[in-house]
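Each of the next two complexes has subunit A plus one more chain, namely subunit B in the first and subunit C in the second.
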Partner chain A sequence: MMITGVKITLILLATTTVTSLCLGTVIAIMRISRIRIFHILGNLYVEIFRNIPGLFLILFFYFVFPEVLPSSIGAKLNAYLYYPVVAGILGLTIDNASYVSDILRSGRLSIPHGQRDAAISTGLSRVQQYLYVLLPQMYRTALPPLGTRMVHNFKNTSLCMAITAPELTWATQQIESLTFRGIEATSIATLFYIVLAGIMVSVIILLEKILKIDVSSITHSKTL
Partner chain B sequence: MDLLEQFANINFYLLGPYPKGEIGGLCLNIILALLAIGSSFIFGALLGYSRLSCRLYIKYPCIAFIEIVRSTPLIMLIFWFYFFLPYFFGGSVTIFWSAVVSLSIYAAAYQAEIVRAGIMAVPRGQLEAALSTGMSRYKAMRFVVLPQGFKMMLPSFVSFFVSLFKDTSVTYIIGVIELTQTGIIISQRQPDKMYAAYFSMAIGFWLVCYSFSHLARKLEKRIGVFDLESYRPEACRDEFMLLPRRGKIGEEADQSARCIPAGPELKG
Partner chain C sequence: MIKFITANKWFNNTHVLKNINLEISKGEVIVICGPSGAGKSTLLRTINKLELIDDGEIIVDGMYLSDPKTDLTALRAEIGMVFQHFNLYPHKTAIKNITLAPRKVRGLNRKKATERALKLLEKVGLVHKRDAFPVQLSGGEQQRVAIARSLAMEPKIMLFDEPTSALDPELINEVLDVMVSLAKEGMTMIVVTHEIGFAQKVADRVVFMDAGEILEVGTPPDIFVNPQHPRTKSFMSSVFHIPIFDEKQEEEQESSS
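And then the complex of A and B:
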């Protein structure tokens, strides 16, 4: 039970990290874009979802989402065995993406104008500008806060126990109610969370070191 | 239209079963967040301050505490205190108080980080100037460094309050009747209009959080943006200790030489 819990937690962590990074990037680009509708929509998304608890979103996707959909699809969703996990992924992604987009946007704003001008002058199209020039720099400058956010997101996966997704916290509660060995189960789960968070932090610090650029070269280019 | 019908329940959303029972609803969320942030403030400030200490027997326990609490999910903390507070204090501990204690511990670790970054963000010359005017270390901290530090911490405190307020919704899992719980109770009363109850719940959270994050943004603009999350101080600053190891200002130079790794500006 504990091992399935760990598995589900890791699945939740991996999928929500990837999906929220993608969604967050899209929304960050929307918020920067000069097209008015995209700008407004992106800002609206962040304003709404930053101010709503992640737990609410998870509950919403589990209880309400199948009801709002047409009843045939809703019934299928409710019957699906792993729907709690899917609902958890949806809720966590939407919650986390708003923060990620905010972080990436401030990363984009810290890139000097010359980078974009240079990209335009070499004849790159809009998509290419983002893919080859701006996005890599956005991720690099935003890496430390992005890492903290992802660790936070990892901790938030434990909220999925509210909708009976069989992840680690839920497993400890089950073990507690079956065997009354609450202390042991909770300690092991806590230890797991601490160790994995530590691993994530050290990976992020390692990435930072790998991706670090020589600061003096940047200041030089700015003075030019 | 279903949303408008929810206005009939507005008392339950805001106050829970208050006149007949304990206070609940949105009010309880605010009470929980205020109690947690208030009670953890001093503890968090002390932790954050002693994390800057150069004495290893003070520094490492604080780092361990902060890092452990910060890397444990809030639900886990809530379960720990929900199960083990009654174990130590008998059955008299209500779920409300176990929620308050776990939220305070959680908040203390985060506030420690805010306080530490705030102190580190005050330029070192301020403290040196204060010491050179003949102030004691305590006075220098109290009248020069901390007022400036707190001013810089203020936006992060408000935005942390917002996130703590959102985190109070987690306490519904141990059965505290706060806004999430009231929404779920109402949605179970009328299962065909579930979304209306959920939307009114979301509106309740959103209104409070939005007004506070608006306040935080205004403060940030007035004080100057202070990005806490990307701030990674590396040097350990012994001169911020209230009681330095040998207690004399004259010996400061060799102490700081031991504690502060030479920065790039020293290398020339």
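And then the complex of A and C:
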């Protein structure tokens, strides 16, 4: 049960990290866009979903979402064994993406205007400007807060226990109530959370180091 | 090659370009000078449509900039631009900075683009810095890479927006040397600069601007040594530091007349 819990938690973590990063990027670009409707929709997204508790979103996708859909699809979803996991992924993604988009937007704002001028003047299209010039720099500058956000999202996966997704916190609870070996179960779960978050943080620090090789030498080159 | 026909531009209520009429032919080197806020950079940036004009017309190599059907990518690919602050991509090495646009816009493969980039790096004397990131380069080196980056698109026109004003005095010449050799190769160049030496050496014509207007156009000696417009006179005397126009003499003349 514990091992399944670890597996499900890892699945939740891996999928939501990727999906919320993708969705967050799209929302961030929409918010920066000069096309009014994109700008408004992007801002609306952040203002709505950043202000709703993550747990609430997860509950929404589990209980309400299948009801809103046509009954045939809704019934299938309800019958699907892993629907709690799917609902968890949806809720966590929607929640985390609003934060990610805000972090990336601030990353974009920190890029000097000249970067875009240079990209435009060499004839790069708007998509190419983002792909090769702006996005790489956005992720780089946003990496430290982005990393913190992803660790936060990892901890939020435990919220999925509320909708009986068999992740680690849920498993711990089950073991406790079935076998009364709460101390052992909780200790193992705690250790797991700490170790995994620790690994995430180390990866982020490593990434920062790799990406900032050239940045750390700024001071060096200036003294030359 | 480039023709401005009564071009006008406003930033909100400020009239930043006033009835600009200017024709630049192929192979010509034009230096634009004038006090800050004169609209020099804005004028330059209208040529590749980084800035739009509100009134009038600009024709670049037969392309009408006001025409919505004008292919902007094609236009910009023909015009290289070099900026005051270099604007190299900080996350890419020198060579990747240069190969990006040729590969993505011109569709060159990696090998061809790299060959071309290396040739250009040789031209600006920086082959040994091919794998350096911008922060590992001095200002002068960054600007030379930036020039190579623009040239990699094989443009017909090169725009320089104060290319040396962010550089240490010692590094200015290495950049100017590259520009001089470019001018001698017959490149059409429009350069916003206060490097009088450069202008005298290679400029065919000097354009003096103030408050959004072109006040005077002429050969370098016309503008620098023998300016006609009083605004040009006062500007030149302050640029040269050593007053060429003896103010005392002028005052005497004024008082005697």
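One rule holds for everything that comes next: the second predicted complex is superposed on the first by the 212 of 224 C-alpha atoms of A that agree within 3 Å, B and C clash if a C-alpha of one lies under 4 Å from a C-alpha of the other, contacts with A are read in each partner's own complex, and residues count from 1 in each chain.
Simple rule for what comes next: a residue touches a chain if its C-beta (ideal position, glycine included) is under 8 Å from a C-beta of that chain, and two chains touch if they have at least 3 such contacts.
These numbers were taken from a predicted model, which means no experiment stands behind them.
With both structures placed on the common chain, the touch criterion links A:Pro136 to subunit C but leaves subunit B unconnected. Contacts of A:Val86 after superposition on the shared chain: neither subunit B nor subunit C is touched.
Contacts of A:Gln115 after superposition on the shared chain: subunit C is touched, whereas subunit B is not. Between subunit B and subunit C, it is B that contacts the larger number of residues in subunit A. Of the two partner chains placed by the overlay, neither subunit B nor subunit C lies in contact with A:Leu207. Once the two complexes are overlaid on the shared chain, A:Pro145 sits against subunit B while remaining clear of subunit C.
In the superposition on chain A, contact of A:Met161 is made with subunit B only, not with subunit C. Considering their complex, residues 112, 114-115, 117-125, 128, 132-133, 136-137, 140, 211, 213-215, 217-218, 221, 224 of subunit A touch subunit C. Subunit B contributes residues 67-68, 70-76, 79-80, 83-84, 162, 166-167, 169-170, 172-173, 180, 184, 187, 194-195, 198, 201-202, 205-206, 209-210, 213, 227, 229-230, 232 to its touches with subunit A in the complex.
On subunit A, the positions that touch subunit B within their shared complex are 47-48, 50-56, 59-60, 63-64, 67-68, 106, 144-145, 148-149, 151, 155-159, 161-162, 169, 172-173, 182-183, 186, 189-190, 193-194, 197-198, 201. Residues 48, 50, 73-74, 76-77, 79-81, 83, 85-91, 100-101, 104-105, 133-138, 146, 149-150, 153, 159 of subunit C are the ones that touch subunit A when the two sit in their complex.
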